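First chain A sits with chain B, and in the next complex the same chain sits with chain C.
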Partner chain A sequence: MRCLLCHASIEQDVNWDTVLKPVETRVMCAACRETLPLIEGNVCPICNRKMDCNATCSDCQKWEQSDKWQGVLKRNQSLYHYHEGIQEVITQWKYRGDYVLVKLFQSDIERIVKDRRKQWPTAVVPIPLSSERLVERGFNQAEAIARLMTRKPVHLLERLDSEKQSKKTRYERLNRINPFRSKTSVPPHVLLVDDIYTTGATLRYAAKALQDAGCLHIESFTLIRG
Partner chain B sequence: MKGCCILVSSLPNTPDSSALCPLSGKLLLKHELHYPDEQIHQWLNEGAVTHISSIEKTLTGRRCMRCGNTKHYLFAEMPCHACQSTCYYCRNCIQMGRVLACQPLYYGASATSYPEHPEPCEWEGSLSRFQLDAATRITAAMASERERLLVWAVCGAGKTEMLFPGLTQALSQGKRICLATPRTDVVRELLPRMKAAFPGVSLEGLYGDSPDKAGDAQLIIATTHQLYRYAYCFDVVVIDEIDAFPFHADPSLNYAAKRAAKATASFIYLTATPRRKQKWAIAFRQLPVVFVARRFHGYPLPVPQLKMIASLRRQLKAGQLPNVIAQHIASQQQRGTRQLLLFVPTIQLAEMLTDLLAAHYSSITSVHSKDPDREHKIQQFRNREKSLLMTTTILERGVTFPSVDVFVLDAGHDVFDEAALVQMAGRAGRSPDDPCGDVIFYHAGKRNAMVDAVAAIKRMNRIGSTL
Partner chain C sequence: MSVRLYHLVLAFLLGGICSLYTLTYAGAGLLIWWLWQFHRHPAGLLLLGSAFGVGSLFFPLFPDVEVKEESIHINGRIISDRDKTPSAVNMLFREEQDEQLVQVVYLNDQDLDVPDSWKHGAYCSLTGSRTMPDQARNPGEFDYRRYLQKQGIAYQVILDSRSAMTCKGSSLLAPLIDWRHDVNTFMKQSLHPEGYPWLAALVLGDDKALDEETVSLFRRWNLSHILAISGLHIGLFMGAVYFLCYRSGWLTREHAQWVLILLIPIYGLVAGGAPSVIRASIMGTIALVIVKFKLKIAPTDLLALAALTMLIISPSIIHHLGFQFSFLVTFSIVLSRPLFTTLPSGVWQLVSLSLICQMAILPIQIKEFYQFNPLSLFANILFVPYFSLIVIPFMFVIFTVTLLYSPAGYFLSRLFVTVHQVVIELFTRWDATFQFLWNVGEISLPFIVLYYVGFFQFMRSWITQKLRQTFLFGLLSVCVLIAFSLKPYLSKYGQVTMLDIGQGDAFVIELPFRKGVIMIDAAGSPVYSDQLGENYVFTRIIEPFLRSRGITTIDGLILSHNDQDHSGSARQLIEAFDVSRVYTSPHFGRHHTLKKPEQLERSAHTFLSAGQTLTIAGYDFHVLHPAGSYGNANDNSLVLSAELGKLNWLFTGDISTEIEQHILKTHPRLKADVLKVSHHGSQTSTHERWVDHLNPQAGLISVGKNNRYGHPHRMVTSLLEEKKVFLFRTDRHGAVQYRFTTDSGTFQTFLPYNDSTK
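Let's look at the complex of A and B:
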């Protein structure tokens, strides 16, 4: 096997596990593994941001104080911290279109899905891309993640705008018409999936659209907590 | 170059009507064509532009027809939105845009002719007697077809100037020329010099985020990666610093360079530190070579001094600078005659030592590959606003500062191979006004690379002294 990031060949350890357990193929070398740090320790119970103590962060307090957004998104779970190293991986994966890098996240995603199987809603809904962006990239990164979580992601949403989120300020992200439209028949519990939680606006707009269509409980899972 | 042959034989002969097609000589992806669909259709019908399948099956696997990659681990599958099925793509050249198996490459037949410039060169300098011999050989190689020539010239021999007579002649014959180099910094430095030397010739500099994008000029100065976008259009290809990363380590760049050239093209390779592969080719007379063993000003290369400091690594690890080095830096800076280039093996070390030294020297600055501000900082050093520049190997080659001393910290580190050490030593004494310069390798124990580098420099000086 070769490391998906640096292409160096990975030496598999030879020990009793090699003989007794099913082969576990590693897709990353140890050095590249460090570019993906898992979120551990104290986090905000709503958005999963890293905190000094287990208190709700100031951003989530703002969300929860507003009448419009209170309780729209019950909880977000993320896998990795945001930093420069992971930004490079995401750029390569999402913007350059190196689809196979989704395998880097596979084992971590599978583990978290196993852990949360009881708590999480069963309907996994990836955040859609605008058709323009989909043609440009060739794949939807949220759907790629969702496919690692379940065999059948549910497509309930449709995206109406096409602008890039990353080019907007926080104010612009929060004050606009909902870019998502939901189908009319929705399950009561939904798990939204996206690649990155930055301000939480995208996920909340999507959750809002689902809630208006009749959804009761909406949680989310993202790869990175920005 | 099996890939090239397959591609050549599968290309149809195209009529001369393609002379006006701006895609002439290029090999592009769909999204790189900034023309309306009708226009492209018309070109396709006329035969000026041809579809080429982007990833071909070979006996043992696949080949990317843009970069020539055949390594199986550099291909991957993805569920493709365009063809609604699983599609292969090439991971090797993905930073130049993704090549998907279901989307063809667009090849514009190269039929454009370029003007003949009778007297294009306005460079007023003259070549030294050391440069003249090589310049004559280069001119002869450029004038004929299918020639290859390796120019093995010491650092600071004036390689660019040696090309001028050859370029002058090639341009007067209306040839199209590509000057490729592995490094963006070198393209940026060469561009104004070439523009000044050949003002009447259309000229473009291409690199990752260059302001020039079209790439239609007669004289192209580009990073080797840009050659992925060309096919069979250059009459002369000059590759500068063939031994530099990433060119020597990436066979697909060599593939791209060969593919960018016409079948009748001549290749000129320039280097100060050939790798083993080229040395073997020279030894077995597979590659014609011309030596330039003296710098253009006629003085010998400064020979590095090796200084051993047994505790070097331990102290650097503990975040300290050994006293001996600190004293050397202090006395060098007090003399104030030359600026100081301080090479370190890693970015972390560069940052750590810059912080440490900034307390004593206000005019210190540091650059490394991840530094967004590096162009500006190098310019400051060039303007003599700063007297001390801490750098990683990114400045090992292609840059000229008139009067510097060179210190290399931890010269035994794995990133410093023989070529890198010779190149770093070659930064000193480049100006005729100050042809010497101190070069000191600080090390924690001699390694082969250091000894070989010193031997290589001495050897060149010996050859040079007999001229």
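Let's look at the complex of A and C:
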């Protein structure tokens, strides 16, 4: 078996723990595993950003002080820290269409889903792409993640604009017309899924759309906390 | 794919083990575990289940078939090397007509060499007497018959003379085997006599030349694996050959590898072909071939391949202790490899390696030998490096040098002996100081399974660095053994065992809750029993029985009188066990079997006379006889009466009818439910009046099968049968046991009861 990222051969040693279990299909070598560092230690209780202590970060304080955005997104949970290495992995996956790389995150995602089974809302809603973008990329990365979390992701949202978030400033992201439109019938609790949480604007717009449609409690999960 | 080769071989083996030992629950537990682990991999699960099923049907059960003893004439092929013991030469033989496996035995009393034509693979025609050894007759005794049956041997043929078997032809392996014998003889002639046995054992895999003292010393300290050639030797051999061929610049790396691929199997055969050697040779050869073809194989799969090869060639090898030890230890080491990299220093690695190896085979070892030495861990830490780094490489050097120029070999072997004797001397002293043998007893299967579950979890927690769990599961494994050791102390059952030691008496009384262990008589071997060894009654019957029961202390050894067939094993018993007190009559006389008087002093010695009562742990033994001396040893026998399990027992030694009358006169109200029939059923004892008066329900006759005295006498047995006394005879029933509580008890015989009509 070879590493999905660097194509080095992966040696699988059987030990006392694994001997009576099925062969684990590993997808990464130990070195490449290092490029996906899990978030541990103190984090902001709202957005999951790494902090020195368990206090709410300044960004979230701003969000929560605004009347419009207060309590829209209850909590975000992310898997990995952002850094250059992970950016390369995401670029290869998302923009260069190496869809199979989603397997890199599979075991970590399955673990966190198992851990949060009781806390998380059951309706898993991926952030949609606009139709142009979907044609361009061939797949929706949020959808791919959601499919690892549940067998039936719920599609409640529709995206109107086609502009790339990554090309916008923070101000532009925060003050514009909501690009998302929600279906009218929504469950009371929803877990939004996306690939990356950068400013939190995308997730909050989506949450806002759902809230306006009648959702009471909205959380989110992203692969990376930017 | 969710399963690998080793998964399937493991399932196959476990299936076999579960069916051979009827471990229904363990097998079911394992399958449920796999069902849980593999529920997402139906194909893997199916394969595992099939392998388990095939394994459970694959291994033959070898039922105990009665062999008709007669003179026969058979043809077939020799399929093994000649195995020479001091008294016989044994060979495996494939009989042509029924394709049965036969052991051909040539008893060579004169130490003659066997004819040269008896080669491996030779086609032979032979005439001899068909037989099969007796099954074990006592609990704890080694069952030679079962041992042969488990190897698939249908019967033995004893050759009367060299001319009873004529052979011609040979196999391809024959020259190699002959060469091995020649080299062995050459080494024996060339080397220092103290050095040769070590070379024979460590290079040629022939440990017969090592003296028994050394072998048992190494066994006591779990070091037998060093004396047997193992993977370690093959590894060293491979290293040495590779070094000589490649590093010397003589051959290229590729050629050196080819040389090894050819040499390893040859060395495996020269080294005697024990399972550990075959395992290592197969693994070494496959590993090299795989490297040659630039393929890859995981160590677990390599090991599995070796096991599968050996099991397919000879399924009965699953019963071979060497096979079990070799694969268990190697598999454990392979699975523990990640652990060794996490340990800080070489010393710790060695300690844990040694611990894992010892723990992996512990229950099997206890099942076989009933005891182990917890300190053997340290012995292994000291001796494994000494042997693997110094002794074994040096032996290979001596071997090579001797082949080239034997006087130099002699010099080297002398040098070796000078150093090695000091080491063995120190070890012997150490052995005398640290005799902490833990006598667990004949551990039962559920405890073994429980131990392995604990051990497995212990290793799992250790490898995943869960130290608290590691400690707890380690403790659990030890507790399983402790629990088994404590079982007799918690059991309300006691038992009286009349051991079948042949012609003579040996009774072992274990009191309920193991409050005490009392022996009445401890017969020795008959004087004429040189073929079985002079101490065989003690070493093969009494000692294994006591060890299998987890007995280390004997609270009272009562010797009825001073005869070889009643007290012959007393000395060894006192030496090997903790005998608190020896009881005899004052007229016992100088004990000729207790040659050194100080042997008796080690245990307090008390005289018992008529009228006294000996009380051990609340159980009374009333002494009825002798009040004085009656002239001969038999008539001076201690006669004891005791109540055990609501029955009155009368132990009579060898008293004659006159003494019986005398006892009846002095004890007119004496009754006995269980009568030990005096003097092995001789007609000089057991008078009709004696039986009428005592009115026993059961009579115990301790008597040798086909003994030369004609005991028990027909008059005695018919008298007892006429009086409706139920007879238990060791010559027919083997050991006889009475299992009792304070209120009741039952008799059972070790040999199946329907055999008794023979």
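In the analysis below, the second predicted complex is superposed on the first by the 223 of 226 C-alpha atoms of A that agree within 3 Å, B and C clash if a C-alpha of one lies under 4 Å from a C-alpha of the other, contacts with A are read in each partner's own complex, and residues count from 1 in each chain.
Basically, contacts are C-beta pairs under 8 Å (C-beta built on N, C-alpha and C of every residue); 3 or more make two chains touch, one makes a residue touch a chain.
None of these values were measured; they are calculated from a predicted model.
A.B. asks: Tell me which partner A:Arg96 touches in the superposition: chain B (first), chain C (second), both or neither.
C.D. replies: first
A.B. asks: With the two complexes superposed on chain A, say which partner A:Ile177 touches: chain B (first), chain C (second), both, or neither.
C.D. replies: neither
A.B. asks: For A:Cys53 in the superposed arrangement: first (chain B), second (chain C), both or neither?
C.D. replies: neither
A.B. asks: Touching A:Arg2, do we find chain B (first), chain C (second), both, or neither?
C.D. replies: first
A.B. asks: May I ask you to decide whether A:Val23 touches chain B, chain C, both, or neither, giving the answer as first, second, both or neither?
C.D. replies: Once the two structures are laid over each other on A, A:Val23 reaches chain C alone.
A.B. asks: Taking the superposition as given, does A:Asp13 touch the first partner, chain B, the second, chain C, both, or neither?
C.D. replies: Second partner only, chain C.
A.B. asks: Need the overlap of the two footprints on chain A, from chain B and from chain C, as residue ranges.
C.D. replies: Touching chain B and chain C on chain A: no residues.
A.B. asks: With touch defined as at the start, can you tell me which chain B residues reach chain A in the complex?
C.D. replies: Result: residues 31, 73-74, 76-82, 89, 91, 94-95, 98, 100 of chain B touch chain A.
A.B. asks: Can you list the chain C residues touching chain A in their complex?
C.D. replies: Interface residues on chain C, with respect to chain A: 1-4, 6-7, 10, 33-34, 37-38, 40-41, 44, 298, 300, 334-339, 456, 459-460, 462-464.
A.B. asks: Once bound in the complex, which stretches of chain A touch chain B?
C.D. replies: Per the touch definition, chain A meets chain B at residues 2, 7, 92, 96-100, 134-140.
A.B. asks: Which residues, counting only chain A, touch chain C once they are in their complex?
C.D. replies: Spelled out, the residues of chain A in touch with chain C are 11-17, 19-23.
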